[in-house]
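Each chain carries a letter (A, B, C and D) given by its place in the written order, and its residues are counted from 1.
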Amino acid sequence: MKLLLTAFDPFGGEKVNPALEAVKLVADQLDGISVIKVEVPTVFNKSIDTVESAVRKHQPQVVLCIGQAGGRFDVTPERVAINVNDARIPDNEGNQPVDRPIFEDGEPAYFSTLPIKAMVEEMRKAGVPSSVSNTAGTFVCNHLMYGVMYHLAKSHPGVRGGFIHVPFIPNQVIGRPNTPSLALGDIVTALEASIRAIGKNLTDTEVTGGRES
Amino acid sequence: MKLLLTAFDPFGGEKVNPALEAVKLVADQLDGISVIKVEVPTVFNKSIDTVESAVRKHQPQVVLCIGQAGGRFDVTPERVAINVNDARIPDNEGNQPVDRPIFEDGEPAYFSTLPIKAMVEEMRKAGVPSSVSNTAGTFVCNHLMYGVMYHLAKSHPGVRGGFIHVPFIPNQVIGRPNTPSLALGDIVTALEASIRAIGKNLTDTEVTGGRES
Amino acid sequence: MKLLLTAFDPFGGEKVNPALEAVKLVADQLDGISVIKVEVPTVFNKSIDTVESAVRKHQPQVVLCIGQAGGRFDVTPERVAINVNDARIPDNEGNQPVDRPIFEDGEPAYFSTLPIKAMVEEMRKAGVPSSVSNTAGTFVCNHLMYGVMYHLAKSHPGVRGGFIHVPFIPNQVIGRPNTPSLALGDIVTALEASIRAIGKNLTDTEVTGGRES
Amino acid sequence: MKLLLTAFDPFGGEKVNPALEAVKLVADQLDGISVIKVEVPTVFNKSIDTVESAVRKHQPQVVLCIGQAGGRFDVTPERVAINVNDARIPDNEGNQPVDRPIFEDGEPAYFSTLPIKAMVEEMRKAGVPSSVSNTAGTFVCNHLMYGVMYHLAKSHPGVRGGFIHVPFIPNQVIGRPNTPSLALGDIVTALEASIRAIGKNLTDTEVTGGRES
């Protein structure tokens, strides 16, 4: 099995992106899964193009994109991406779209086709706090997840895809009161546990991972 | 203009639902808008049926549903509802569906057709903290918003609809450390400001209300 | 009984101080207690001098000082003030002492001589979330509480004193994500409940109000 | 230089105490400092007796006590301990004192005699988020810090002492939403950085570490 693992470069004034730092440290081979890594610019459209090109080139069975979610407490597989760009801050090339669809001919939303509950379970077994997230925001992370799922649905039948958000690492929260972080090593452990769960589970386990709001 | 305003009964062990208490206090006439109020059971399917019946009976131009989001800091119009039920806790009749679609023939998601940015602006002008939310959760609130938008799309062309989540009121957070609340009066003010914004804005204002994650 | 009720002017870039706005609205007579109000500058030393002068002038039986604690979720009577000034930001006249004692000949700390547990109970009965706080910080609020208790201990035997911190009001947190607030009316209710509790309880009730950390 | 490093056993239903796990992993020799480790029962009075006996036996120049502060985001040297026991939960032998002084003949409070600002700086340089705390709570942690400082002041002139609170580790927050944690390795790094700072700084650096409330 071949898995394409992508991560964004730093954005929003941060010096590092914990997603990228963690992806660099993920093993290249995991339980018989070959992990191919791609760095993605935090830029609308270019991010989707970068991953779409890599999908065409490497023909993976799974696409797993990783992004930073500053302020989150745990590692969160995303359940769904929605068809909207609404940027609170500019991307790395100054684009700041407001309330624009990502693809005019796309679905209102695409659900992850990865086993997000099984991934959460495996991450927790590995000792890392994790939970399902029901929003990937409306910036480049949601944009990329949406774009990847759009292309997989249109042009790559059978290829599974999804997104995981990871918290800040400790270095990023020094001097920032009341901001949670997770060690880089724990994020790597979580990503590797997720990849193993993806390898083992073609369908998801039926355990609740919902929230009231 | 006729606006159907709905609110859930208490759930999850709470004695009151601030959404319901606030809706009771909203004026029946606001800037030429007639407000018709309906209480909704916090029960899968029954909640949708209750509102759908009221829509048929009252033929409103707008449907605005209100629900409690314990733990939130401000009043949050929802941007989108997704096609999934995933209940962490049972509803008021013991139903606890996990990862089931709401309507097999529905869209993956429905976006609010209310002017959510204009509503946020109007609530803030009225002195109440407010922001757009990108997830209504996966419990009965998301379920109802999804079901209402599904029926409006299928059977009530031109009728606008959407959902607002409101925080706990102070009484509910006594003895609960670090849990935010808003006064009932402020929630009423926010709902009335939202209704006014709906009356004034057929299309939304283009200001950012996005989040990175 | 005569009670001196003080509140600071706005500081830290805020346009209002919820403590001051609330104090203005507290009744002048409450259960036979005459409430005398004094506005206090958010300035090291001057704040203490202002209250000390008012104590000499009005000869109250109780001194209750109120201050803003932005970021807190509830109304919090302070248990103790400590003998240190350590300012993260300048006061309203630009003073920013670091790790300096308030009074060289003072105790390391003074405990509130008000019935803080009874005050919490009375505020909760009145519907407002409240809890005991074990730190008043190291800025002008702690400074004033310390200074008042120092002077009461030295020169005004039998006069009781203490401090209450109140959260932001909703207006202050508009546009500030994840920041709690309480309505001004609820803060007024809480302060009046506290004053009543002070009038009724010469000694405190023995209920736990502690924290592990 | 000899430094006595103490940590509590698990309490409050937890299976581990991150303070104890971290202390076990701290190096026994650090920059010429011999580190002597003692496990302390989370029990009123017994905890103080345990450390006081160890001080008499080992005659250290520094006593540094470590405890768990579930819910905190970073590693926090305590500034002060106050003369009160007020237990929200029972200790490990069922004691639950409410509003009782720790020592009748003790000061109202004792300040840490360790260089807490220098410790924070050194921890941050080592990549771990850290800040000064102005309250150690009112449970066994504050109790022990107070008791140690009391005995040092009375009977061990020249011996410096203080306390550091550490957050939960990731394992403890699995399934606990919105609860921060720090990796055990980062806590160990922070404690070793603190010990180095203690070795290097007889007096504290004058940088602000204060809070408004």
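Just so it is clear, a contact is a pair of C-beta atoms (placed from the backbone, for glycine too) under 8 Å apart; a residue touches a chain by one contact, two chains touch by 3 or more.
These figures come from a predicted structure and were not determined experimentally.
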Chain copies touching (chain C, chain D) - same or different residues, decided at half shared
same
Please work out the Cα centroid separation of chain B and chain D, and write it as a whole number of Å.
47
Measuring centre to centre with CA averages, how many angstrom lie between chain C and chain D?
29
Whole-Å separation of chain centres (CA-atom averages), chain B against chain C:
38
Looking only at which chains touch which, which shape fits best: line, ring, star, complete or other?
ring
What residues on chain C touch chain B, complex-wise?
73-74, 124, 127-131, 170-171, 173-183, 185-186
So in the complex, which bits of chain A are touching chain B?
12, 67-72, 79-80, 82-89, 96, 98-99, 107-111, 117, 132, 134-139, 141, 165, 204, 206-213
